[in-house]
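Okay, so subunit A shows up in both of these, paired with subunit B first and subunit C after.
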Partner chain A sequence: MKQFLLPLAGLIIGILLGLVTKIHLPIQYASYLSVAILAALDTVFGGIKSGMQNQFDHRVFLTGFFSNTLLAAGLAIVGSFLGIDLALAAVVAFGVRIFNNLATIRHLFLMRKKIPSQN
Partner chain B sequence: MMRAGHKRALFGVSVVLGFMLSLEFYIDRTPTQSPYTSYYESSQQLTDALNESSVLGKTLSRGQHQLQALGEATRHTVLGVRLLQQELNALKAAAGLSVVKGPGIAIKINYDPNLPVIPGLRYVDEATQLQMVVNLLDASGAKSIAINDQRLVTTSTIRSVNGLNAQVGPFSGVLQVNGVPIQAPYILMAVGSAQSMVNALNVEGIAAQFNILEQSFHVTQINAVTLPAYTGVLPGRYAMEVGL
Partner chain C sequence: MQTKAKMMMSWTVVATVLGAMMSLQYHDVLLGGAGIWSSSPDVAAVNDRLEAVTAYNQMLSQRIQEVQKQVISLQNQTLAQGGGVADLERQLHAVKVLAGTVPVAGPGVEVMIDDGKMSSNEQEQFITHDWDLRSVVNELFLAGADAVAVNDARITSTTGIFCIGPVVRVGNMRLGPPFIIRAIGDPKVLAAALNFPGGVLDALRGANRGLAISTPSVFRQLRIPAYVSSVTAANGGAQG
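Let's turn to the complex of A and B:
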């Protein structure tokens, strides 16, 4: 449980920072931010999964976080210029990955709890 | 035990993610055209009622003035004749039968006659397009409007005429205004508050609507626009009322 305290504290600090700075984002950029958040969540869940599998590497995690986030937002921007809703492609791709990661995390968590002797 | 690098990475990513999430709070996702509140509706109704009251007051005053003028005219004096002439001139101006001069705008609408037919669109109804512009100008305070020197009055018509020109393309190229054929380029002249009319055209995005069909739409503000008088047939010229 202690391992979740640091990310939780970071999350709260980040939210407070955002609320204090009061940066207003125009509605036109809302979809880009949403896709970027989805990509970031995907990386976070991937990181949790890797941590539970003892395969966590902070370099992979950091580069994955920033590259996925920027790429997703970039795809959405390019899509808006091309007239294709590429944000939808990112939503589907990251949505599937998030659910897969969640399923793996759930399995790992249940296995640890139920059959501790096997791990 | 977690390594320091892992901790820093997790913490940094969490802060960034939290920051991104908080940005969502400041995005105003409510539609720009929010439904009217009862307060807004009430104040709008009050403003309308006040405006209407003012207009009705002016109409009453004008009516009283007219009654007085006609009363004076019945005396068959020079003053009476002059008053009748003034009344006639005022009615002529209101009916669009006199030349009008004042500040306003000129709109030039044109297109390339060699353009191919737009797929899925039989032809562009230019009459509807011009009616839209005329209605918008009227609503934004135009006092008088003319299209290619055809003055618009209450009985004016704008009609598309197909088949009068042989050119193949999306536009008919010929319109009838007041029953008189006119050809592109169409020049709409309007007397009134130029800024108000330009603003109305900009707000409605009229130029973009024309440009999307490859038509040019140029608006020029002019200090002194001169509009010709209406010369078409007046009601009652041929058909006379019986029993009056």
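Let's turn to the complex of A and C:
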């Protein structure tokens, strides 16, 4: 239980930070941030999945989180310069991955109930 | 143990960043674009300029009021001293009352017109229009009113009355309901002119528009403000 507390506190601090600060992104960057959020969510679900599979590696997780987020936003920006809506591609791709990860998490969760502790 | 601590730390970092990103985006979505636009340098610059011009205008209006007070007190001194200058001052004052540049107090009437209750599909019918106010104002002047004002807007010879969207522009003021029309003159004549059967108020009441129109009330002492001119900065507000 204890290992969830610090990340939860971090999440709450992050949310408060975002709500309290008066920083507003200019409207033309709003879609890039949403793509970045999608990539971040994908990484988080991937992390949960690998944690349940006991394959979690904090280096892979951290680098994956930041590089995925920045790459997704960066690709969307490049796409907007080239006239290709890469933000849409990112939404589709990450959306599919998120649902895949969720399905895997659900399966792992159900399997764990059936077969207690495989280690 | 070591890896568990690292795992916890990495989750914390990721959760913090994710939370900040999501709440930032949520904040902007919640504001519906208003907050996003206000940070745009163009909008901010124009806003700043508007505020500066408004503040400058307010300062100038106050200054005008002060100066007018001085002028009135000086004129009263001249009147008290008597002589030929006093005659001229009396004439000047009468002209100023008609021009609307001085506040007037005296006997008069007051009538209030308010919007009817709106049903959403027939809004047009139930709001007070510019021509309603115009007809009442014109009727009052025809009945010999010396000074007429709608709410705080004194009617002068150059005062236009026209609808702008949901409000009525009277001179340089934008007015909303209820409209209180005050007139100074012979109260009996003015009240009779308004109450005339089939007259202007009857026409407004009878149009089945749901307008709330008070019966004209007679006052022994009524105050009507002076015309307040719009202070338009000639060169876009730049102070030189």
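Everything that follows uses one rule, which is that the second predicted complex is superposed on the first by the 110 of 119 C-alpha atoms of A that agree within 3 Å, B and C clash if a C-alpha of one lies under 4 Å from a C-alpha of the other, contacts with A are read in each partner's own complex, and residues count from 1 in each chain.
Quick note on the criterion: contacts are C-beta pairs under 8 Å (C-beta built on N, C-alpha and C of every residue); 3 or more make two chains touch, one makes a residue touch a chain.
Computed from a predicted model, the values in this text were never measured in an experiment.
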> On subunit A, do subunit B and subunit C fit together or clash when superposed?
Replying inline: clash
> When the two structures are overlaid on chain A, which partner does A:31 contact: first (subunit B), second (subunit C), both, or neither?
Replying inline: neither
>> Going by the clash criterion at the top, which of the stretches 27-35, 45-53, 81-89 or 135-143 from subunit C hits subunit B after superposition?
In response: 27-35
>> If I apply the document's touch criterion, which positions on subunit A are contacted by subunit B in one structure and by subunit C in the other?
In response: 3, 6-19, 23-27, 30, 33-34, 36-37, 40-41, 43-44, 47, 51, 56, 58, 61-62, 65
>> So in the complex, the part of subunit A that touches subunit B is made up of which residues?
In response: 3, 6-19, 22-27, 30, 33-34, 36-37, 40-41, 43-44, 47, 51, 56, 58, 61-62, 65
> Which residues of subunit B touch subunit A in the complex?
Replying inline: 2-3, 5-29
>> For a test of understanding, state which residues of subunit C touch subunit A in their complex under the given definition.
In response: 3-4, 6-28, 31, 33, 35-40
> Which residues of subunit A touch subunit C in their complex?
Replying inline: 3, 6-19, 21, 23-27, 30, 33-34, 36-37, 40-41, 43-44, 47, 51, 56, 58, 61-62, 65, 69
